[in-house]
Amino acid sequence: MQNVKKLEIITDTLEMKEVCAVLEAQGVSGYSIVRDVVGKGERGWQSGDELTDVFKNSYLLTTCDASEVERLIEAVRPILKKRGGICLVSDAQWVIH
Amino acid sequence: MQNVKKLEIITDTLEMKEVCAVLEAQGVSGYSIVRDVVGKGERGWQSGDELTDVFKNSYLLTTCDASEVERLIEAVRPILKKRGGICLVSDAQWVIH
Amino acid sequence: MQNVKKLEIITDTLEMKEVCAVLEAQGVSGYSIVRDVVGKGERGWQSGDELTDVFKNSYLLTTCDASEVERLIEAVRPILKKRGGICLVSDAQWVIH
Amino acid sequence: MNLDLLLSNLLNPPVLFFFLGMVAVFVGSDLDVPQPLPKFFSLYLLLSIGFKGGVELNHSGIGAQILWTMGGAIFMALLVPLYAFWILRRKLDVPNAAAIAATYGSVSAVTFIAATSFLSELDIPYGGHMVAAMALMESPAIIVGVALSRLGAGAQEGEKAHFDTKELLRDAFFNGSVLVLIGSLIIGLLTGEEGKKALNPFVSDIFKGMLCLFLLDMGLVSARRLNGLKKLGTFPIGFSMALPLFNAVLGLLVANWLGLGKGDALLFCVLSASASYIAVPAAMRLAIPKANPGIYVTMALALTFPFNVLLGLPIYLSIINRFWS
Amino acid sequence: MNLDLLLSNLLNPPVLFFFLGMVAVFVGSDLDVPQPLPKFFSLYLLLSIGFKGGVELNHSGIGAQILWTMGGAIFMALLVPLYAFWILRRKLDVPNAAAIAATYGSVSAVTFIAATSFLSELDIPYGGHMVAAMALMESPAIIVGVALSRLGAGAQEGEKAHFDTKELLRDAFFNGSVLVLIGSLIIGLLTGEEGKKALNPFVSDIFKGMLCLFLLDMGLVSARRLNGLKKLGTFPIGFSMALPLFNAVLGLLVANWLGLGKGDALLFCVLSASASYIAVPAAMRLAIPKANPGIYVTMALALTFPFNVLLGLPIYLSIINRFWS
Amino acid sequence: MNLDLLLSNLLNPPVLFFFLGMVAVFVGSDLDVPQPLPKFFSLYLLLSIGFKGGVELNHSGIGAQILWTMGGAIFMALLVPLYAFWILRRKLDVPNAAAIAATYGSVSAVTFIAATSFLSELDIPYGGHMVAAMALMESPAIIVGVALSRLGAGAQEGEKAHFDTKELLRDAFFNGSVLVLIGSLIIGLLTGEEGKKALNPFVSDIFKGMLCLFLLDMGLVSARRLNGLKKLGTFPIGFSMALPLFNAVLGLLVANWLGLGKGDALLFCVLSASASYIAVPAAMRLAIPKANPGIYVTMALALTFPFNVLLGLPIYLSIINRFWS
């Protein structure tokens, strides 16, 4: 197993397309997204029950090498600044197959 | 980045409303919920395929300061006792934006 | 709280039934699954928007004792080899209730 | 019992699609009706049956006879859980006995709908007010069930009791199904012939088809539940067949005493015999957490529902045919 | 204003189901219409209204009068956001003022549909080209709104502007609702009577019923939004009632000047008065992130929509009845 | 080939909605038909087509001619994958060749349905038993495809083979689509005229509309898949147009030899020409993991399906018109 950093990003569903674009621009090769996430934060309750996706979040999970973390974060931060949401970094081990 | 504790709670969808209430009563300002989670545990298979939400779980993710963990856990434990489910605590770093 | 290992597996929705079978054969008593996960990896974009579940992933979360990790991983690896996907291992604390 | 009735019941599309769903599970097919489609079908069915009932009520008007029927319905909804609980306590602990009792005190809308389509096939008329009767029978059992569990369990849950009560009453009287049913009924009552002209193609013409889709899913869901049976043991299994029969007979006595016509009598009887697997379980899950839904949902969904829809309807009707002049 | 009109509007099923949805939220029911069902209903409604409009257009043909109406529609869609912005700036910052202005410049398809069913109930004819007018009014306001926010905000976002523009134009002219509406319109126009024969049971007969389901959900959604009102303060609340009225009157003046018939005039007026809560918010969310959707969605959905559907329609029609000979 | 046929095919609503879906993707619209709506539409279509076929079979009865047609259908389903595999092996490895072969041996229900609506528009009659033929053609190709991959690959997967087989047969013969199709067919066969009266508004009147919604989504999905084409290279692209044509001609020869009428002949031909993108891919994904779904799904969905629906139907029919007296 190989040590990796796990990145978890939760932000607007509408913004996820841009998040992916930014990550891929940084050379991220793989990620997973859970599209329907509701939640609460500074901008209040994102109930996901509207007709638009305006009040819905998505959850993105990706992994990267410890050395890349900073770069990825800096790339994503402006989006979170503009849009809100969170980004968590934690340690994990990747099962090579 | 700032060190935080990551709380993950999985329990009955029907009970999530109370979990949120309890967490907010403890001053938790933000959390995310994935509504449709199926799974297996002591109480058997939660297939989520019924007409009611009786056999469905939800997943809640929130973060807090290391100092708050105990308090939050104690607040949530009674629900998990009554209802079943799990609560995981792990370390993470919060990207300030 | 008790120290546990957290296993996260993301692979084809169609393959999840086998993953569960394998884990249960290894004596795993509890796990949770998020059925609709889209994502990107070596095998390209899993958009989940097809009529079949062929291009859809699922996310499985389970916990085990540090001593069991190796055994579980070895059991799951062949599936990931055949099918693709990822398996992450990380540390967490289980709230006993 | 009359074989023609049995066949004419088994050989209509909705019931056959229910079979198809069960078969799909037995042969291990991947056939699935993913959420929220079942919720869509049941929303449609409740809206349609409620609206049509309201329109008929608008025509017939609300007379004494109808009010008596309502009274009888509530009476059954209160009575059934009481003696069900008393029987169940012989074998089960308080929470499970109370939850099951509530389940059987309440009603199954789809069983009711199957009964109406069974009647319309045999050209037996029935009154729109029976829909109102159904709506009235959904909630009381929930209250009775929880009260029984409280009394039986003593005050240990006392401190949370208050909050529960508020929540509970809301779940009992304002849960989704009750609200849509009563709401559509009132809307049908208000708009009458006008409204019927506007909505008839939607609530009537395609109704049978939507019912087929829903019963297809019911077949899947209840067949899946059947795997849970082994764990149940013989008592609950026998109970989930015997009680409906007993309730049905009692219901027929009341219906006869109320002087209901054949159609209304069958519906009244089916309401008494059926068990809830939507509204009540959701309420019990919150109000009686110690009760195991694997028991009360399985009994209502995997046994009582198929029993009523497949065998119950023709049985009850043949009884009516014998005793109604 | 005419009371009969008010009642005949409030007492038709779709509006009553909208009430039912609101009631469900007020009594704290768990009634829910989970996604993607609302998306299904709106997809169906857009497809049907578009297709039927196209078929009628195929019959009527496209004359000068119709082209003038289109022009008038676009004119309103460009004008409304301008003065709305000017008013809103008195109290709000640039981003929010611009987003709200765009919301009110665009249209609400469901309000339009409610108006058509209100008309057909009163047997007042209207032209299929009004659907085309609606389609044309969806997009321009988005462009105007964003332009206003750019001008107001100065060039600080300049560098990202270009990319935005491309995205923006696409969101404005090719967003799902516009595309389905225009696409179905063209398909109706191409297939005409033939197509109508094939699709009529689907797009006409069950239409009212699907509208009821959708309005049931609209009732739920907009009642939930009402909780957000307190935070809004009095100005936006007053604004979301006053502006529709003003837009309606202006719309009626234009309609009269264009010489539209009663039916078309009401639809034209409703288009001017209605605010978008689907297409525009999605676009604004991306184009004007600094604007708070909690304000512009709440105003359009929780106040302006109910206002138009419940009170607006009869009010506007009674004005027409007075001034149209 | 006959231009009128081409136009009368392209200018009917379902095909135009398929175009609309493709256009939406090309202009980068956010239009989306989220799951499980497509599953709902396909469930509805399978149920309706199956039920109607069963009812017609109930009328026509099952004669020798019909049994011969069934035989011919199975023959085609077994033959096509064999020579398809033989051709594909020239350029592709065993797993992919086998998976693609299976895909083309099986059928596309929607292509079949498009063909029926094409026929009914031209008032060309066809038999309900063709639905049964379709149902029979879904599964065999799956078995053949997997057998081919096993033989080609040798015994290296041997040890898992047994378990696979069980799973495989189930996926082949009891997968959701096959089960609903055959189940509804039997239900139609059993209930006959009675059942038709009950379900006709649902399975017939709104059928075309539901087909439009489903094809709208098919347009979206297959246009999205088109992006995958570049990676495919020229061989698969050419193959996914050439093979259907070849299969169609072969199918027509068999149909002619079987002495089928024009309508049945077209359907038989379309079944031979069409490729599966629902049942087979799901089975192949599990049975031949080494095969890349990005190839076989893209070929069937993004090329063969549109080819058959847009050009194939008129081409095949004009051939029939020439050679059938």
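For clarity, chains are labelled A, B, C, D, E and F in written order, and residue numbers in each chain start from 1.
As a convention for this text, a residue touches a chain if its C-beta (ideal position, glycine included) is under 8 Å from a C-beta of that chain, and two chains touch if they have at least 3 such contacts.
Just so it is clear, the structure is predicted and the values come from calculations on it, not from any experiment.
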Is the contact between chain E and chain F built from the same residue numbers on each copy (over half shared) or from different ones (under half shared)? different
Note: chain F sits from chain D at a C-alpha centroid distance in Å of 41
Between chain A and chain D, what is the gap in Å from one C-alpha centre to the other? 46
Indicate the whole-number Å distance between the mean C-alpha point of chain A and the mean C-alpha point of chain C. 19
Within chain A, the set of residues that touch 2 or more other chains is 34, 36, 90-91
Chain D residues counted as touching two or more neighbouring chains: 32, 35-36, 39-40, 201, 205-206, 282
Could you please write down every pair of chains that are in touch? A-B, A-C, A-E, B-C, B-D, C-F, D-E, D-F, E-F
Under the touch definition given earlier, write down the residues of chain F that touch chain D in their complex. 35-36, 39-40, 43-44, 47, 51, 170-171, 174-176, 179-180, 183-184, 186-187, 190-191, 194-195, 198-199, 201-203, 205-206, 282
Parts of chain D lying in touch with chain B, wherever the complex brings them together: 32, 35, 38-39, 42, 220-221, 224, 277-278, 281-282, 285-286, 289, 292-294, 297, 301
For the complex, give me every residue of chain E touching chain D. 11-13, 16-17, 20, 23-24, 27-37, 40, 121, 201, 205-206, 208-210, 212-213, 216
Please name which positions on chain A make contact with chain C in the complex. 1, 4, 6, 20, 29-36, 61, 63, 90-95, 97
Of chain A, residues touching chain B in the complex: 8, 10, 34, 36-42, 57, 59, 73, 76-77, 80-81, 86-91
